[in-house]
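In what follows, chain A forms one complex with chain B and a second complex with chain C.
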Partner chain A sequence: MRPRPAPLAAALDLRQGRVEQAHGSGGRAMTHLIETLFMAAFDPGAAPLAEDAACLERPAGRLVLSTDSHVVSPLFFPGGDIGCLAVNGTLNDLAMRGAQPLYLAASFILEEGLPLADLQRIVASMAQAARAAGVAIVTGDTKVVERGKGDGVFITTTGVGVVADGLEISASRAQPGDLILLSGALGDHGLAVLAQRENLRFETPILSDTAALHGLVAALLVTAPDGLHCLRDPTRGGLGCALNEIARQSGVGMRLREAAIPVHEPVRALCEFLGLDPLYIANEGKLLAIVAAEAAPAVLAALRAHPLGSEAMLIGEVVADEDRFVDMETLLGGRRLVDWPSGELLPRIC
Partner chain B sequence: MRPRPAPLAAALDLRQGRVEQAHGSGGRAMTHLIETLFMAAFDPGAAPLAEDAACLERPAGRLVLSTDSHVVSPLFFPGGDIGCLAVNGTLNDLAMRGAQPLYLAASFILEEGLPLADLQRIVASMAQAARAAGVAIVTGDTKVVERGKGDGVFITTTGVGVVADGLEISASRAQPGDLILLSGALGDHGLAVLAQRENLRFETPILSDTAALHGLVAALLVTAPDGLHCLRDPTRGGLGCALNEIARQSGVGMRLREAAIPVHEPVRALCEFLGLDPLYIANEGKLLAIVAAEAAPAVLAALRAHPLGSEAMLIGEVVADEDRFVDMETLLGGRRLVDWPSGELLPRIC
Partner chain C sequence: MRYLNEFRDPHLAQQLLTRIQREADPRRNYQLLEFCGGHTHAICRHGIADVLPENVRLLHGPGCPVCVLPGERLQAAIDLAVGAPLTLCSYGDLLRVPGAGGDTLFKARARGADVRMVYAIDDALHLARAQPGRPVVFFAIGFETTAPSTAVALLRAQREGLGNFSVYCNHVLTPPALRALLAGADDGAARIDGFIGPAHVSTIIGSQPYAFVATEYLRPLVIAGFEPLDVLQAILMLLRQCNTGVARVENEYSRVVNPLGNRKAQALLAEVFGTRAHFAWRGLGELPESALAIRAGFAAWDAERRFDLSGTAAVAEVGACQCPAVLRGQRQPQDCPLFARACTPDHPLGACMVSAEGACAAHYQHGRARSVRA
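What follows is the complex of A and B.
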C-alpha cells in the first residue's frame, strides 16, 4: 500500500503562533503561510501556490515603476500601520508622476518570533488599502531572518502604473513664476509614529495622515492637464527636503510664506516641546503641486474640493535663483533659509 | 550678503566609512549616498537625484512582474554575492514565465555600521549583473535601520518583463507524458553559501551557480515554442520542492531516475558528510523544463548547446497520479518518495 499524501502542514495558529525559520525555507510550512495568510487576504479566489512571477495584461500607456522598503517602527501607530503605509507610500510615488497605479508586488522580510496575529493584521491592512485604491497585489515573496537580524517585519512594495502619453510631471519642471500649493497640514505622520515609539500620550492623539493620493492627482489632472509641472509627496525629510530637491533639479529658487503653511495645533505644540521643525517632519498623505500661475486658482479649488485636500493652501512661489535657495518669509516678517535637512532626522518613520 | 550654498554633504569615505542613520533620513547625507554610490554604478549618465518613480517606454507584450527579497548570509560567498544574486534571482523568476526582462527596481535596507566599501562592492556587482543581462536598474530606495535591527544589507529586487502574446508557460501546465529536463548539476549555490558561513575550507571550493537564465530560456523558446509547458528554477527547497509545487499545481505525479540527476562530486561529498540531500539544496542558475515528449530531444540539445546548460539531463517524466506524488527510482533500483521538504532547510541562502 502506498502512503497517503500528507497534509501540506499543520494548520497555522494565527492567535498564538509565531514566525519560525521553517516559514521561510521553501517547504511545507512556507507554502502554508503563503496560502493561508497572504493569499487568503490578497487574492481570495486564486489557485493555490501562485507562480514566482505574475503575468498581467498589456497596459495602455507608458509604464511607471517605483519601489520602497518600509521599516517603520513601531509597526502599529495611531492612524495606520506598516501595511497600509507600504501600499499607500508606493502608490503615491506612482501618482507623483501622474500615473494611474495598476499593480503592486509585496515582499516581506520577517523576523523569527513575529506573532502571526500581528502579521495577519498587517496583511489585512495592506489588502484593505489596495482594495480601496483599486489596485491588485499580484505577486510577492517571503523571507525569514533570525531573531535580532531584523525587526518584526520589513515590507518592500513595488508599484506599476501607466501614464498617459504626453504627460510629463517631473521634479525638473518647476519654472520661475510657478506657484506652490500644499494639499494639507504638515507633520502628522512623523509625529504620530514618534509619539507611539516614545509612548507619549495626549488628550487629542496625533494620527498619521497615510492615504493614497492617486485619486486626488486624477482630479487635478482633469482640472489642469497642462498646468501641473511637479508633484511631490513630502515624506522623509518633509517639505523642506522635497522643495530643496525640486529646486535643485529644476535649477530654481523658492519663496515660501510661513503664515500660509498649515500645521495642526497638536503637531505645532509637540514640535515646539520637542524642538522639532514641522517643515522637516514626514507626511504620508500630502502632496506639493507646483503649477503654472494661471492654473493655480483652479488647482487650489480642485484640491479643496477633495477630502484629501480640504486644507490645501497656496504656500509660495518659484523664483529665478541660481543658488537654488528655498527661502521663507517668517511669521514675524523676517526671512529664513529653508535649507536641506541635515544631521539626525526622525529615524524609521516609513 | 546672502550665504553661499553649502555643498550637499561631505564626501563619502568609501574606504573607511560606514552606513549611518543620516544616510537613511532624507537629507543631504542620503542624497549624497544615492548619487555617489548607487547612481554612479547603476546609471552613470543620469541627472542627479532621480524621481521617486521611473517613467518607461510602453512595452510590447503582456507584462510580467516579480519581486524577491534577498537576505543571504554571508553577503559574499564563493562564486557571487548578494548583489549579483539579487539581480539574477529576479531575472530568473521572469524568465521562468518565458518573459524577456526589461527593468529592475532595487530597494536596500541597510544596517547602521555596514562598511561603505562592502556596499559599493555589492552595488558594483549588481550593476555588472544587470549590464550583462541587458537590463536597466531604473528606480530604487534606501532605508537605514539601527545596529541589531538588520543584518548588513537586505536587497529587494523587482523585475518587469514582457511575454509574447499566446505564450503560456506555467507550473499548472505539466501533463502526463511530458518529460522533465534539468539544465545542470544540483546544490552548488546552497553549499557554497553554507561552506562560507560555516568557514569550511576545501581543496576544490564549491562555487555558487548564480546566473541569469533568460538567455537560455530564449534559446529554448526558439527551439520549441509550443513544447515548453513549465519552467522553474529550483531555488529555496531545491528540486524536491520545485517538482512538488508543479505536481500540485498541475495535478500530476512525477517519476525521477536518481542516476540521471547530475550532482558535482564535491557537492555530493559535502552533502554526505553533513547529512544533507542535494535534492533539497538551493540552486541559483539552474532550470527545470517540463516539455512535451516530442519536443524533448530538441530542447535537451538546445540546453546542452548553451554554456549554462552543458550538463543538462533528462531526469524523469510526468505521470498521471491523483496523489500528486514525486517518486524516484534510486541508484540501487528501489523507489523513494521525494516528498515536500519539511522542517529545517538551510536558512538564508538567498
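What follows is the complex of A and C.
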C-alpha cells in the first residue's frame, strides 16, 4: 500500500474554520477539504473518492437507481440531521422497489461561511448512516456558492441497488381487496424539524424518525415475496399524499379507518396546537405496504417483529373506485375524504 | 395534552348521538349555523354531518378571517410588498389568498418581494429588531382571538421605540357579523334556528356580547369548543332550546369560556384599538362598527398611516362565485357551479376555498367524495 501523500495545504481548522470560495474552486484547498473531511469519514481505506467516477462490480439481478436532493432547515434537528437524512432518504427510495441498496454517490452544494465543524458533523453522520446500512459512498462532488445563495448545505445523493429478477413492487400494483399496512406512527419527522426551526419547546421532545428501511423490507420479502404489491415511504406530503399517488397510479380507491392510524401523543398535540393534520406531515422512517389480503396477517406480524415496525397497524383497504378517492371512516363513524395536500402546510389563524 | 382524547371518545360520541336522535323531532327540520371556520373544519374533518339525523342540517358561517377579507385590502398589501423596500409578515393562510387577477403574496414573493410567513407576531417584532434600517410591516388579521397579541406587539413597539415596525390592521369583530346574518333573514337569507357560537373568540369576549341573538332575534346560541364532542353537545343543547321554544345564550365550552371573558385582553384591546365606523366584509358587505382600527396614539406604528394603502382599484369577484351566499349560510359549497371544477384549493377563485377553514375548502378537502357521487 502506498503511503498517503502529504497534505497540499495548511491543515483545515475544523473548530473555527468556515467554508470559503476556495474550497470549491478546484485547487489545493478543495482537494484538501475532500481528503481530510470527506475521504477520511467515508472510507479511509479505499481511494475511489479521489476519482471522478467509481467503477463498481455488477451484481446479479436488475439494477435500481434513484436520486434525491435534500434541503432542510435547520441542518440539525432532534433525532437527526441533513447528513443521515440524505443517506436514508435515497436508500428508502431504493427499498420501496424491493431493492437491496449497494452504493451511494453524494453531491454537496456548500454555502460560503458554513462552519467546517458543522460540515464535519454532517459528513460523520452520513458515514455512520451508510455504514449502519451496509452501503458504501463511492463517489461525490463538491461545489461552493456565495454566502446568501444556499441554506448552509444542500446534499444530493444517488443510490444504486439491486432487485431480484421477477420481483415487481410498484405503485401501480394496488388492487381492490388489497389491505393497507402502515409501519408506525405518523408525523414525527416533520414536526421535529418544524419545532426546531420555530423554536417550540415541549416537555416531551419530538424526535425525527429518520431510518433506513431496506432491512425491514428484506424481512417482508422473506415473509411474503408474492403478496407485497406496493411499498411507499410517506415522506413529504405524508400519508395523504402517498396514498393519493398510489390510488392514482393504480386506478383504485382506498378506505381508511381513522381509529387504526397511529400518531404519537406529542405529535397529535402539536398538530392540534398549530392547526396541522398529521396525515400530511412528513415521515422519514415509515413505510406503507399494500399487500394481498391473504398475506396481510403474516406481513403485519413481520412488521411488528422488526424494531422499525413495532407500532405497525392495518389501516384500511383498497377498493374499486373510478374517482380514485382516498376516504376515511372517522372516529365518530362519519366519512371524510383524505385529499391531496394543497401547497404548503399552513398553520391556521383562528 | 389534556382535553384532547377525552373530547374525541367514540363511545361518548355515540351516547351523545343517541340523545340527539331522541331529541330531534321528526316533524320538523333544524337549521343550525356554526359561525366559526374552526367549527366548519372540525365538522368536515370528523364527518359530523354524516352521523346526525337527516333533519338536523348544519350551515356554515362567515367566521373565517381570511375568507371575509376584501380583495382590495389584500391587493394593497401585495402592492406594498412589491413596490417598497420592506419586509411584509403575516400568518400562513393569507399568503395564498387571491387578489386582483389571481395574484397572491406567495406569487409576489416569487417575483422578489420580501414576504415572510410567521407563526406569531413576536417573530415580526424580532425581525424588526434584527434589521433596524428596514421597515417591517405585519399584516394583522383575525377576529378577537388574535387581536390581543397584536395589541401587545404594538405596546411593545411603542415601549421600545421600534421605529421600523408597523401593523396593517385587518382585525374584525364577531358580534356585528352575527347581527348581519340575523338581519339578513328578512331579505331571503337562510332560516337559522340556532347558532353554534365561537370557541376561541369567546375566551376573549365572553358570552355576554351574544345576548342580542337571544333577546332581539329570539334565537338560541351555544358557545362550543372545537372538538367533536363539544360540537355534538352544543347541537344537543340547541335542539333542546328549539324544542322548548326558548332562546338563550348557553356555554358548552365552560372549561375555557366565562361570561365576562378575558378582562385583561379586553383592556389591551381598548387601549390600542378603536372601532372603525364601517368595514367591508367579503360576502356580507359594509358592516358598521365591525372592525378595529389602531388608535391615534399608536399612529407611528400604523401601516395605514405610514404607507399609502388606500389607492387600490376595486378587485372584481369571479362572476359565478357563490362565496357571498356561502358565507351567509344561504348556499352549500357544492351548490356553486365553480366548486371542485374551476375552483379548487390549488387554484382558488373564491375566498372560501383558500383557508382550510373556509367552507368550500373544508368541503373540498373532506367531503367532496359525497358531492361528486351524489
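Methods note: the second predicted complex is superposed on the first by the 335 of 350 C-alpha atoms of A that agree within 3 Å, B and C clash if a C-alpha of one lies under 4 Å from a C-alpha of the other, contacts with A are read in each partner's own complex, and residues count from 1 in each chain.
Here is the rule we use: a residue touches a chain if its C-beta (ideal position, glycine included) is under 8 Å from a C-beta of that chain, and two chains touch if they have at least 3 such contacts.
Nothing here was measured: the structure is a model prediction, and the numbers come from that model.
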Now for A:Ser25: first (chain B), second (chain C), both, or neither, which partner does it touch?
-> first
Which partner does A:Asp339 reach: the first (chain B), the second (chain C), both, or neither?
-> both
Using the touch definition from the top, say if A:Arg97 reaches chain B (first), chain C (second), both or neither.
-> first
May I ask you to decide whether A:Asp323 touches chain B, chain C, both, or neither, giving the answer as first, second, both or neither?
-> both
First, second, both or neither for A:Gly61, with chain B first and chain C second = first
Any idea whether chain B or chain C touches more of chain A?
-> B
Does chain B (first) or chain C (second) touch A:Gly275, or do both, or does neither?
-> second
Touching A:Leu331 in the superposition: chain B (first), chain C (second), both, neither?
-> second
For chain A, give the residues common to its interface with chain B and its interface with chain C.
-> 323, 325, 337, 339, 342-344, 346-348, 350
Which residues, counting only chain C, touch chain A once they are in their complex?
-> 1, 4, 8, 10, 13-14, 17, 36-38, 41, 44-51, 63-66, 91-96, 117, 119, 141-143, 145-146, 200-201, 228, 344-346, 355-357, 364-370, 372-373
Chain A-touching residues of chain B, taken from the complex the two chains share = 2-6, 8-9, 21-22, 24-31, 47-49, 51-59, 61-71, 73, 93-94, 96-97, 99, 103, 105-109, 138-146, 148-151, 154, 156, 158-161, 163, 165, 170-172, 232-233, 235-238, 241, 245, 248-249, 282, 323-325, 337, 339-348, 350
Going by the contact rule at the top, pick out the chain A residues touching chain C in the complex.
-> 198, 259, 265, 268-269, 272-275, 277, 323, 325, 327, 329-337, 339, 342-344, 346-350
